[in-house]
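Structures given as structure tokens follow.
The same chain A turns up in both complexes below, where it pairs with chain B and then with chain C.
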Partner chain A sequence: MKWLWVPLAGYFALPLVATAVLSLWQGSRGYGFEAYVTLIHTPEMWNSLLLSARLAIETIIAGLVILVPAVFWMNLRLPRLRPMFDFISVLPLVVPAISLVAGITAIYTGPDWLVGTANFLVIPYVILALPFTYRALDVGMRALDLRTLTEAAQSLGASWPSMILRVLVPNLITALLGAALLTITIVIGEFTFANILLFNTFAVYINHIGSTSATQAAALSLLAFLLTWSAMLGVALGGRKAAR
Partner chain B sequence: MISLEAISLRKVYGSRTVLADVSLALGAGEFVSLLGPSGCGKTTLLRLVAGFERPDGGRIQLDGRDITGITAAKRNIGMVFQAYSLFPNMTAEENVGFGLRVRGEAAAARCKRAQEMLDLVGLAEHMHKYPHQLSGGQQQRVALARALAIRPALLLLDEPLSALDARVRVQLRDEIRRIQREIGVAALFVTHDQEEALSISDRVAVMENGRIAQLGEPAAIYEEPESLFVARFVGQMAEFDAEVDGDGVRIAGHTLPARRAAGHAPGERVHFFLRPEHVRLVEPTFGLPGLVESRTFNGPTTTFRIVLEGAGRVLATVPTAEARHAPGETVGITWDPAAPRILKLDGGVPTPET
Partner chain C sequence: MAWRERAADVIFVGPFLLFALAFLVVPSLGLFVQAVTTGHGFSLAPLATLWSADHLTAFRNSIEVSVLSALVGTAAGAVGAWLTLAPGMPRWARALISTFSAVAANFAGVPLAFAFISTLGTLGVITGLLKAVGIDIYAAGFSLFRMEGLVIVYAYFQIPLMLIVITPALEGLRREWREAAEGLGASTWQFWRHVGLPVLLPSLLSAAMLLFGNAFSAYATPYALTAGNLPLVTIDISNVLSGNVSLSPAEGAALACGMIVVMAAVMVLYGLLARRVGKWRVR
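And then the complex of A and B:
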């Protein structure tokens, strides 16, 4: 089986290498970092990247504020609801993004600061990140003796919020970190919602630049790949550190 | 002075009555054990007192104050759990200081108290270690220090020794008792281990099917069981069908002395209980004749299993130095007339004549 890594590595590495080569191509002027330099000096790129980053942070916060207490309560008091939680958590993977976006725009109306701005994207993004956030939190909480820890904290006089913030969250750091980093990769790469709802996120910008400059699009894709890849690496390293 | 008072507590899960009208009072500084087989309701009683469950009937008072409707967090009751109750993200010192932290005490006072408590349980040098760096016994000591750091009105112990190995268990059990005495806090201790309950308690409550079958000092529980359940549950006893005959009992055609037969009517059929350490081995011509079936060496004592003619089996534990019989030998058994326990067929004891 040793030789198996050769085709596998080729399968994954070849497109990356090709993209990298294309991103460095400067037509008749040979190879260089022209595409990267242009990108760095393009304010739209930065704006879209910042927007995606902001959305990622908002999504992480909204997702965790909703899910930490919910998964905690399910594990502690309503374990018989687990099948329902499991089912709901995988729905975003089953329902196509295009139906989600149609449904969501039809249902949600609200104040301008939410519906009229890119903040609206946080709603579908929380849903998209749900399978990953839920899994990470559930695994993290199952590893703890939740009932005993909760009761110990209670008997020592801790209120529920105090118990969640001082005992639960610190013991879930790895799980929370994993959930956060996975959410970042999802939000940075999400295209369908943003494009249909006409918001200029990072993924939308990559698509847009692709129609005007092939080399810049390649450069940007590579950067986006590195960004999400380092996030994944963060999850892996975080997990290993916590395991020690 | 009464510390904890549980009055007519009832707890029902669906169609199952887990606690049926349990009342129990602990004096100030008293150490009471709840002893019983699993499912007898002892843990449920403890959880009601802790405030983790709500009773379906009855009241709980602590130092004269009704706490039935108060949440666990506001009861000021310290609790030590079976295992794994330390917060993994905190050092021993932080664990012990946690109760004071949520009470808003200043860091300096918290730190001082935590050190005092860790000192008390003999873990001062381990204060900066995390739970996973401590042994099981050490973790339970920290848990004890943590429960006591809040200056609780009552200490609850939910089988805190059951996850530890035998040697540590005995050591820690004595230490829990020493510290509880030193602090003077009343304690309620749940265990299914009789030796544990008998050795450290002021009083033991033996529980059966959601009721307290007998409440008394350890020696009384051991020597004077008042029901068939307690007689059969606590310690080992041989049990025979017997008939009261004058100042003794008649077993398998032999009349033998038993002082407690006195309270029963002549000719009454009774249950006769005898502990292994009260059995004396004599010549077959005296006492009840039997055959030595096996011999087990326990170190300081040796236990014989003897098949009696027409009465069943009995265990006899004698000092090893005096153990002379071998399997296959015929022996007679007898006992100190004060030793056997006699219960009515329905399990009761005769009411003493006034």
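And then the complex of A and C:
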């Protein structure tokens, strides 16, 4: 059975290698880091990257603020709502993103401070990340003895907000990190909403640069892939150490 | 103190339910209203556009690509997950694979399209290597920019997604039944035929459904790869919405409803199949 690794690993490695080769190609001047150097000196690239990074952080915060209390309370007091929570959390996988764009843009046409800025994207992004954030939080909380934790915190006089921030969140740190990283990979790569709503995010920028410079697009794609992967790997290995 | 309990319920759970209602449930249901509403009120005209030859081709293409890529992804992803969980696999390698899967499952759009154009495009690395040994795949009728190309490209995010979702089910299987079957003298084939596959079938089915939906709703990747030249439903919707052809929200809504209906039909089919394959289980 072990030989099956070869085609699988080859299938996944080759496109990345080919991208790397393309990103180093300089036409008649052979191979070099020209594309990378040009990119570093392109303000539009930094603007789009910063926008996507900001959206990712906002999406993580908004998603957790909405979901942590809800999933916590559902697990502790309202287990009969679980089927409904499960259903809602798989809906974003069932309703195609492009249909959701159509639905959201038709209903929410204003006010301008909401739909006119890129921050509007945080709303669909929270929805897109919902299946993964919900699952991570739910698995994390099921592994905890919520009842005992809550009672202990309350008998020490903790209010609900401080109970969530000081007791629940530290106990959920690996689950939260996992959810946050998945959210980052989703937001950095998200193209559908940003392209249709005409916001210049990182994925939209890569698309745009791809039409003028294939080598720069390849360089950016490769960097984005390797950076997210190493970040996730760091958390996976670091989190395991911390858990021990 | 009942009202205080209720107030706590609302404060903790309310924001999430309201958010999901406002930005997920209502917009999805709203599509069905928009699909029968034009400037002159109620009309079936937008729905009728679904039966135009162009849109029917788009639906057929989308469904075909999604079914094929779901089958490929389910099979290859399950094998990949099985190999990853094999006893000899070191811990760091497992972390490497699982994190790679998380990134690759979200790898889409232009980056993915470029990666494959430089691998299997007309001037790609593999295309060139094969040509050097006398195999011209493009002369043989292959094209990265048609259906077969999409299936190959989609596998790059479908296989990792499958690996992620099937791993828990495989972990559950490995621990208990394998040893019991071996203890009773079952061969590998007998184990899979009589224990492994029947136990896994419901999980495999639900994963295949997820993969179908994932491919069906793919937009960034085919958009980047085929520049919109291969008719797919998602590409049609974006054309209608952003006015590349004609600006018509009702037609976009009708197409989106069509997609939701197809997904619902797949889920019903899944429900029927899941009940059948789950029958042997003692409740």
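The working rule: the second predicted complex is superposed on the first by the 234 of 244 C-alpha atoms of A that agree within 3 Å, B and C clash if a C-alpha of one lies under 4 Å from a C-alpha of the other, contacts with A are read in each partner's own complex, and residues count from 1 in each chain.
Convention: contacts are C-beta pairs under 8 Å (C-beta built on N, C-alpha and C of every residue); 3 or more make two chains touch, one makes a residue touch a chain.
Keep in mind that this is a model prediction, so the values were computed, not measured.
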(message) Quick check on the superposition: with chain A as the shared anchor, is it clash or fit for chain B versus chain C?
(response) fit
(request) Could you tell me the angle at the CA centre of chain A between the CA centres of chain B and chain C, given to the nearest 10 degrees? (result) 100
(message) Just to be sure I read the superposition right, which of the two partners does A:140 touch: chain B = first, chain C = second, or both, or neither?
(response) neither
(message) Taking the superposition on A as described, I'd like to know which of chain B and chain C A:152 touches: first, second, both or neither.
(response) first
(request) Please work out whether A:171 is in contact with chain B alone, chain C alone, both, or neither, and reply first, second, both or neither. (result) first
(message) By residue count, which of the two partners contacts chain A more extensively, chain B or chain C?
(response) C
(request) With the two complexes superposed on chain A, say which partner A:229 touches: chain B (first), chain C (second), both, or neither. (result) second
(request) In the overlaid three-chain picture, find the nearest pair of C-alpha atoms across chain B and chain C and give that distance in Å. (result) 7
(request) Could you list which residues of chain A make contact with chain B in one structure and with chain C in the other? (result) none
(message) Looking at the complex, which residues from chain B come into contact with chain A?
(response) 50-52, 71-79, 81-90, 98-99, 101-103, 143, 146-147, 150, 156
(message) Help me check something: in the complex, which residues belonging to chain A touch chain B?
(response) 144-145, 148-149, 151-159, 162, 166-167, 170-171, 173
(message) Under the stated contact criterion, what part of chain C meets chain A in this complex?
(response) 5, 8-9, 11-13, 15-17, 19-20, 23-28, 30-31, 34, 76, 79-80, 82-83, 86, 92, 95-96, 98-100, 102-104, 106-116, 118-119, 124-126, 155-156, 159, 210, 213-214, 216-217, 219-220, 223-224, 234, 237-238, 241-242, 249, 252-253, 256-257, 259-260, 263-264, 267
(message) Under the stated contact criterion, what part of chain A meets chain C in this complex?
(response) 1-2, 4-5, 8, 11-12, 14-19, 21-22, 65-67, 69-70, 72-74, 77-78, 81, 88, 91-107, 123-124, 126-127, 130, 160, 181-182, 185-186, 189, 191-192, 195-196, 203, 206-207, 210, 214, 217-218, 220-221, 224-225, 228-229, 232-233, 236-237, 240
